[in-house]
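First chain A sits with chain B, and in the next complex the same chain sits with chain C.
Entry: the complex of A and B
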């Protein structure tokens, strides 16, 4: 009797497979099946919806060739550099604006309103300034990620508990000590959030620039697959790219101690 | 920038910060003009601001800027209608069926962090070089925030309001239209505003990339013609348009939620 009492609730509260998992599997299977059906039906132009087998073969081909990793490394290098330059510049400007209300009132509206403008339109200028090589892509990525990092850092700086600042000042901490010991640790979450947003837009900026004008990088591979109408390869690259970027975003969030991968 | 970096306390009291911001901007453009005119900066890389201002009229008249602006705006508004219908509908559906929400919310959030706009070559294949490529790209890229904000608005309705509805024995449909939806409306509008901004960014971006359509194409065309002052003027124009668009949306939002 005692045995059954102990077993029953466990069996009810923790079924082998939860309903959510079942629903997820059902949704995925339905999507895949309808995709395959659409691919075989011939309703759309050939190859616009390639068969799942063709896409999986393309993913396998893509990942088993060294060439892809070379292009991936080029793009990753560009994004990393853009994030480093744009992130540090954004952080410095954000701290400056967050610390000084007068400066914030004078300059923050410009950042606030320039932030949500399309950055890719600056690409012709970046080409003129930094050439057709990786420089112009890095510049575009830098420009893209500067704004979210700066705005988050400024907002984070203003959100710091005043007590922490007073403690720092009562210990007569220097400006550098205040930045490294009080401001940055207290602003960790907004900064990580800004970096995540920055990473997202730097990634988009860099890759879009690569699709416009380049001879290496993932963006170049995608537009190359488009011009040769190699649709399975294009789908394969988009899938791998999405997985990588969602993973990178989640990783930055996890490292910063944020839950989930929401960004709005 | 230097005059604003360390304003003296007396200055702080007398000069409003907005004036400092604006005069720094003017000082920046004046110094650029000087550096370009004296040959320190190559005028074939950065045209002097006076040339850019001078080419505004030419670009507006010769390049049919108004027509292009209307085209981009209409693409953006169609995407906005689609976003509102599908995004809000999707959010409501996910809120209504909790299981669906538990299963899909993470996916939608993940899509919000994916570079969806990179799918534009794919959309080009599906929709061809037409305005529908831009509209669908803007719509798909901006969909996740609208769904997530709708869901957030509906889920964060105050418990007391829901309980009032229950105590009046409202039917589920009445409960939704009289309680949940009005309470969630401000947050839903935040989602629609974000969605429209994302849509505009993506639409102008794709227009530029595929050299087709309204304002984005204008920049590409002028850049390909190596009309540098024209390119800079067109970029300034697009930035102005997006800032105005952003400000208008903010105004509408404030008008919709006057009590916040």
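Entry: the complex of A and C
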């Protein structure tokens, strides 16, 4: 019954603000203070390190203009589509490789070699195939997130407790029922982890592609701000992007019920 | 009194619901073929509780997989009510030795799993699941996850799940092996009570003599490798039984008799494994 007890809220006796939280706030405040000091010192070339005030104003400017949201929507759409295509393809391939040892032996080494290769080297090909518009960005994002999802799905499939498969078979589940009611739910943790990694690299792939050659999207705006030497605007966009990525990652974790479902 | 019968003279009643006929299973290993199950035949009558007992390595789990339809390559025939099985059969419900609840499903959804596969409507299958949850004494835990339950409770969920598929034959492979002795006895009571209440035909695979004598109408004692039927013992103890029967004199005599048979096999198994370990120091006999 110890397990039942442990499931009760653990933070009852903990203080409202823990020491670690205090430390974290102190770290951030120190960083911000040093930044401001550096900005005002004049040691670096003007505007390379803009003051916090200038950055805050740039963030405000950015968020109060509709133009930014258009580009944000373009990039979000590209990443979302990439994650959808690459994720589903990765999942299908991963399940296939996880289920079939013969196929796994034949194909998995390639996945391991191609997985860590920077996908940006394929960008010229993607431009030739899909044009300079969102198509080539989606393609690069898809390519990026396919590998981590496929590899974690394959490993997850092999990690399924064998007895659960035998239970499904003993109740005469069809192949489709085995996939939807046993394999996928049993693999939910590795799949969610794969999708998180996939989201990360899809984000990188898409944005990187946008900074290389594009006419819309956040990557385009950032590189545009850089080439017009509008540093506060560039930093503003980086900060907003950073916050958005954290949010997206948290959302994927939450959607997958990583915290909701109790583990054995 | 004790009425041991010879394996050859099994009561050949034709009303048997489960017939296991001359099963032979061979496994290829790096050190050559092993005969795991050698010409085993059994008949289980409707409503009967039959146990198969034997030392580790007697092929009883292999037999479990053959009867459950999870093992393909064997010689011989298993038939249910006259129909030869090929693969898992709807009349046979399996309970596994290992932890086998789905951790992502609540108790209710675990028990409703086999009903869900047949496409039963949600309201109906939940109602049915609740009935079987109550039967194994887990009412009040319907919405809990297996991770919140004890090992004994999880094993009861597995039992309820299999019972929910309403199998003609309940097939169990050491379902209490991972539990402590007290839980095992109490759970045995529960199984006995349910079995007697449902008149559930049951085939139990076990290595535990107490468990076998406590529950069975007949006990099949198997030999160490190759696994053959050594003897079939009728357990003539009054029903309904509970775990209290463990203290009775007749019970003690049955246990002593079966142990005498098993001891010979178990020590042969031990010697064999020692020999194996000596000649293959690294491989070891698992």
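Heads up, the rule we're going with is that the second predicted complex is superposed on the first by the 238 of 264 C-alpha atoms of A that agree within 3 Å, B and C clash if a C-alpha of one lies under 4 Å from a C-alpha of the other, contacts with A are read in each partner's own complex, and residues count from 1 in each chain.
Convention: contacts are C-beta pairs under 8 Å (C-beta built on N, C-alpha and C of every residue); 3 or more make two chains touch, one makes a residue touch a chain.
Just so you know, these numbers come straight off a predicted model, no measurement behind them.
When the shared chain is aligned, chain B comes close enough to touch A:24, but chain C does not. Within the superposed three-chain model, A:109 lies in touch with chain B and out of touch with chain C [touch as defined at top]. Applying the stated contact rule after C-alpha superposition, one finds that A:246 touches chain B and leaves chain C untouched.
Of the two partner chains, neither chain B nor chain C is touched by A:56. Put simply, more of the residues of chain A are touched by B, taking chain B and chain C as the two choices. Shared contact residues of chain A, touching chain B in one structure and chain C in the other: 261-264. On the chain A side of its complex with chain B, the touching residues are 19-20, 23-24, 27, 45, 48, 102-107, 109-110, 113-114, 116-118, 120-125, 128-129, 196, 200, 203-204, 207-208, 211-212, 219, 222-223, 225-226, 229, 231, 234-235, 238, 241-242, 245-246, 249-250, 260-264. Residue ranges on chain C touching chain A, taken from their complex, read 68-70, 87-88, 90, 92-94, 96, 98-100, 102-105, 113-114, 116-117, 145-150, 165. Touching chain A in their complex are the following residues of chain B: 4-5, 7, 12, 17-18, 20-21, 24-25, 45-46, 99-100, 102-104, 106, 109-110, 112-115, 117-122, 124-126, 144-145, 148-149, 191, 194, 197, 200-202, 204-205, 208-209, 216, 219-220, 223, 228, 231-232, 235, 238-239, 242-243, 246-247. Put simply, chain A touches chain C in their complex at residues 1, 3-4, 7, 161, 163-164, 166-167, 169-174, 177, 181-182, 185-186, 188, 261-264.
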